[in-house]
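Down below are the structures I want you to see.
Two complexes follow with chain A in common, the first pairing it with chain B and the second with chain C.
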Partner chain A sequence: MQGFLDIFDIYLLEAVINGILLGGVLALLALGLNLIFGVIDVTWICYAELVMIGMYGMYYMVQVFGLPYWAAAPFAIMLVAALGAALHYFVIAPLLTAAPINQLLATGGVLFILQSFATVAFGIDFRNLGIRLPVLTLGEMHFSYSRLLSFIAALAGMIVVYLFMTRTFTGTAIRAIAQDRQIMSLMGVDTKRIYLVTSALGGALAGLAACLLVLQYDVHPFVGLSFGPITFLICVLGGLGNFIGGFIAAFVFAEIISLGGLFSDLEWGYVLAFAFFIVMMFIRPAGLMARRS
Partner chain B sequence: MNSRYAAWAIGLAALIALPFVYREPYHLHLLVLILIWSFAYTSWSIMGRFGLVSLGHGGFMGVGAYVTALLWNHLGVSPWIGIPVSMVAAGVLALVVAYPCFRFRITGHYFVLVTLALSGIVLQVITATRDYTGGSLGYTPNRSTGNKLWALQFDDKTTWYLIALGVWVAGLVIWRAIDRSMSRYAMEAISEDEDAAAAAGVNVTAEKLKITLISALMTALAGALYCQYQMFISPDTVSGIAVSLQMVFAVIVGGLYVSLGPTIGAIITILLAESLRIGFGTKAVGWDNLVYGVLLVLFIIFLPKGILGSILERLKWKKA
Partner chain C sequence: MPVRKAARLFVGLFAAMAVLGMAADAEAQEKKIKIGVIYDLTGPLAGGGSELQYIGAKIVLDQYVKSGVEGYKVEAVYADAQSKPDVAINEAVRLIEQEKVDMLLGFYSSAQCVPVAGRVEQLKKFMWITTCISSAVLDGKNYKYVFRPQASGDQFGMMTMDFIAQNSKAKLGKEPKDLRVAIIHEDGAYGVDVAKGNEAGAKKAGFQIVLKEGYSATAPDLSALVTKLKRARPDVLFHTGYNPDITLFGRQAREQGLKVAALIGHGAGYGVYEKLKEGLGVDANYVFNTDPISIWAANQKTMDPKLPPVIKMVGEEFDKVKPGVAIRSAHVGMAASNTYLFLTDVLPRAIKKYGGVDPEALRKAALDVDVPEGGTMLGFGVKFPAEGAQMAGQNERSFPVVIQYVDDKSYVVWPKSQAVREAVLPLPKGTTFSNQ
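Right, the complex of A and B next:
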């Protein structure tokens, strides 16, 4: 019995640490979505599909064109950043004055476009980079290096975004617009340009997430559906547009998924996370970090 | 007004008579599909027209289809009982998700994202319980050996056509009943300004819940009927985000604020998908959704009232 408990505890610890590692990538995804929402007041339903396109970009550059991973990653990030800017320019910008729900539904249309574009262009086969990173063994616990790397890179990415937002003029302008949309154009800030920069930045974050996720998961046209819903839940739980709330919520959800997956299938981890989310809505309806008014 | 009722009566009579005159099975099959999906789209538009944009309807449809089929296969419960049970299940699911949303004022983007997650989760559950539901490979209700009526399995298209027609008409009647009820005014007030509506004495939570419940029940029925008619369901065709978005797409293309808008949307989407399928065969996989996506974006930007809505508005404008 004692032996059983020992093993159980180690599995539990392993799951907890894996949850933290997963949380890094989820936090990165939530950050990009929150950034777009906080500044432009638009929700990109197709956010996870941008990640999917980035993953395909990585696959083609590494597997087909033979670029090393480190050289391919910046290109993939730039590709998705350009895609984000294009999404804003062609779809969101014409709809900025329309009802907010229309903008959201239009990005739903883009979700269809990206998914079926991937189906038509790349087929429905599962593809992977063919890179297998070694597994780190710590005592009796096993962690894959790819997860560790993702976690570190996600944190680094978030720190870069933080520095950009606080230390540069453009970043300051982005934060200012998030606070008051109307006054900033009177202050002489080019709102259109800031929106475009923000969209590209949001896309770049999706690109970074793609570079990291492609190490752990196979890419296929519907891969976005496996982490898209959870990203949205994280953002709503953290409070849309609330960066810190999203960050904390990402780790909470990652733990639930990881621990839920320990006791049963991974899918049930997601179901558990959703149930938790419903309960949380009763307790903190305006998000984790909301102040009571 | 009388001439309008007469037109409806004649149109309905013609639709009822159609399968007895015209027996081409493929075209009847298309008509049945159009009618069932029209009903599903109509039930989405009952909510959607009041700004309650739900992307969780794929989930309700999945519950309707899978609960009915599972009860039949595993417990031998007739769909006559299974369908109401599945509708109740979808209704309970709707209430569990919608009540906290409405009670705590989760609206707009937040509501869309929560319901989006709901349809994603239903998809995950169906996939996770693959031992019972067949997972992503799909699921087939057992063919009945005994009484066809008891099993609600009919081989001839005419019966299905009449069933689907009846349900479709019922959907339109419900749409119209809501359109002429006090709920409509309450819901319109809520969609304009919740605080003002509450101050004017509207019970915001109760009104929204009522509309959501009606919509979810109807969607579950559509899912169950689709399952009984096609005799094959898979998570991708009756649940999940893609189905939810397809509903939004069809309704917006047809016209969100007019009773026949969802029907027009269903006709357009199904004919589009079928003609692509016939034209390109298996190469068409993905193309239909690509066209849907482009059209959805274009419609939202240039024609947000949809085809029928825009036509009716222009006619009205000419008359005035």
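Right, the complex of A and C next:
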């Protein structure tokens, strides 16, 4: 009995809830990337670097220009949305018919450009927003409000994107293009405009992630390295382009990291998560939520 | 005619002597030492302290680039390791093989130092390490050309444990055998080595180690580690990390309600107070850090009298580069002092006693170094063990000190011989991490 209580204590519950909250952060990051891949069929390797630019935007607006956080957030979202649209217009659009590897390499190039640009423009110092949100306390358990906000934003973001995709004309057009790129242009849909809207939307979701991550992490030119690879794994695990799959995969991944880290070394949490990913790629190569063909 | 002939002969002789003289002058002017300097100027380690080290080394090198050393010109060639071990190795080899540098100086990260030292030794070039501390760089390697005046990582770990052991009963009200300690560290060569020293020190003191764990410095989440720490309930937490993992840990520890009697860091990110304060806010108050003493905090009364003006100059030059810094980081002085030691002690001896700046001359000159305590800006002396020793190349006389940040100032609190005030221990009631 004592052994049972030693394992199933309040800290286990805290780890489970923290896993869910970390899942919220990862789900938020995966949302925009999934949208882009699902519609345009292009993987933005530089997605986490767009988040980094958004984080810098927030830092400068709040710390340097003195804007309140809530006033700065919409501007940061718009900034990254514009960046997303620009990325599509200048880099992706000319390569739409090119081999996927060329698209991948091009966005990989943008990744290095953005990292180098941030190093030159903002310096190598770690920047911090300096906002200390209160802590939610439940008995001996403590939770981060910023993580809670990320979780809520991820949930709300997914619902809004779902409603947008299913209840609006543009959303329907986006889904239709995702199914058949060629036929939609024959039916009179302006595919270029739809791609641009989708890219801006993907960028806006990266901006939203930036607004929430900047509350939890220092900003520096290489912050994307901490999130980029995990975000891709989650998108692939959930099924590239599948919002609900990505959302669930984020929580599965986060729980493995959190509980694996609690019961073993923290490093083992990540090892287990990546091992789970590899096994799932054998069992369900198209992702957790892929429909059987 | 004979007069004309004699005049022509004289002019010819004069011209020949002039040409030979100019050639000799040119040869004398060509005498120079080319030093390859490698730090991280981009990537996460740059902001974590490496750039400050670069500034410290450059300030001193710039002085000697102007004046030269014993008739030798000093030329510094700088390279950026980009916070990546593979880049550090490539840059080291590039500087040696393409830039034809005579030696290498610098290196912030132990993860870079370990492989680079091996490669440089293989190439039989001289390497003067100003910063990285992992024992793994030199332990049992018996390198001939790699030297480090800096204290080693296990010394860092042992020093903080000794500090707590000596204060356990008096300040924390617990016998060492009853004191619960946790050791967490980034999992690179640096963190592992300091943690090894921590563990050895804890065992020596008789502490209960309730948790010892490594983590990746780029991990996006450390909440599981914080939860485990809460479950383990340590009295004192010993932490070794870079940045931004330190601020991520600090923030998550606050949000998850971690409580301890003391939080003790070991250099790197803990050595850059400005960033620590920016990341942790008021929670940075009363945090301890272990590092070689800041040159601005070292006791100048017991120091070689030629050093205080150099310390002043380094401070003034640093303020020009980074104006308005509240606490000048120990990182700057560390690189400045170790670079100064090389340029004023090793290099002149190599030239005068061993006839040049080739690796053999530099190696012999380094082995001859015998600086007593107070002979460097960092307070400690310098003596390298003879070849064949377990830690060949490691300064035997170096030691770190424990400092505490109190109200935006740093104070040396341990060892007692260097302490300028009593440590605030345990964390005062009402502070975020206090378990009182």
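The rule is short, and it goes like this: the second predicted complex is superposed on the first by the 272 of 293 C-alpha atoms of A that agree within 3 Å, B and C clash if a C-alpha of one lies under 4 Å from a C-alpha of the other, contacts with A are read in each partner's own complex, and residues count from 1 in each chain.
Following the convention adopted for this analysis, a contact is a pair of C-beta atoms (placed from the backbone, for glycine too) under 8 Å apart; a residue touches a chain by one contact, two chains touch by 3 or more.
Quantities reported herein were computed from a predicted structural model and do not represent experimental measurements.
Undergrad: Overlaying on chain A: chain B and chain C, fit or clash?
TA: clash
Undergrad: A:Ala82 contacts which: chain B (first), chain C (second), both, neither?
TA: It touches nothing on chain B or chain C.
Undergrad: Quick one: is A:Ala176 in contact with chain B, with chain C, with both, or with neither? Answer first, second, both or neither.
TA: neither
Undergrad: Would you check which partner chain A:Leu105 touches, where first means chain B only, second means chain C only, and both and neither mean what they say?
TA: In the superposed model, A:Leu105 contacts chain B only, not chain C.
Undergrad: Check the residue A:Leu225 against both partner chains and state whether it touches chain B (first), chain C (second), both, or neither.
TA: It touches chain B and chain C both.
Undergrad: So, A:Thr119: does it touch chain B (first), chain C (second), both, or neither?
TA: Both partners, chain B and chain C.
Undergrad: Touch test for A:Tyr270: chain B only (first), chain C only (second), both, or neither?
TA: In the superposed model, A:Tyr270 contacts both chain B and chain C.
Undergrad: Just checking: does A:Gly261 make contact with chain B only, chain C only, both, or neither of them? Give me first, second, both or neither.
TA: Second partner only.
Undergrad: Please work out whether A:Leu149 is in contact with chain B alone, chain C alone, both, or neither, and reply first, second, both or neither.
TA: In the superposed model, A:Leu149 contacts neither chain B nor chain C.
Undergrad: In the superposed arrangement, does A:Ile20 touch chain B (first), chain C (second), both or neither?
TA: In the superposition, A:Ile20 contacts neither chain B nor chain C.
Undergrad: For chain A, which residues belong to both interfaces, chain B and chain C?
TA: Dual-contact residues (chain A): 119, 124, 221, 225, 230, 265, 267, 270.
Undergrad: Using the touch definition up top, name the residues of chain A that touch chain C in the complex.
TA: Spelled out, the residues of chain A in touch with chain C are 9, 11, 14-15, 18, 21-22, 25, 119, 124-128, 130, 132, 135, 137, 140, 142-147, 216-218, 220-223, 225-227, 230, 254, 257-262, 265-267, 269-270.
Undergrad: Quick one: which bits of chain A touch chain B in the complex? Just the residue numbers, please.
TA: 37, 43, 45, 91, 94-95, 98, 100-102, 104-106, 108-117, 119-120, 124, 221, 225, 228-230, 232-233, 235-236, 240, 265, 267-268, 270-271, 274, 277-278, 281-282, 285-286
Undergrad: Help me check something: in the complex, which residues belonging to chain C touch chain A?
TA: The contact residues of chain C facing chain A are 41-44, 46-48, 51, 83, 187, 213-216, 218-225, 227-228, 230-231, 243-244, 247-248, 251-252, 254-257, 275, 278-279, 281.
Undergrad: Considering the complex alone, what residue numbers of chain B touch chain A?
TA: Against chain A, chain B makes touches at 51, 53, 55, 96-97, 100-101, 103-106, 108-110, 112-114, 116-118, 120-121, 123-125, 127-128, 240-242, 245, 248-249, 252, 285-290, 292-297, 300-301, 304.
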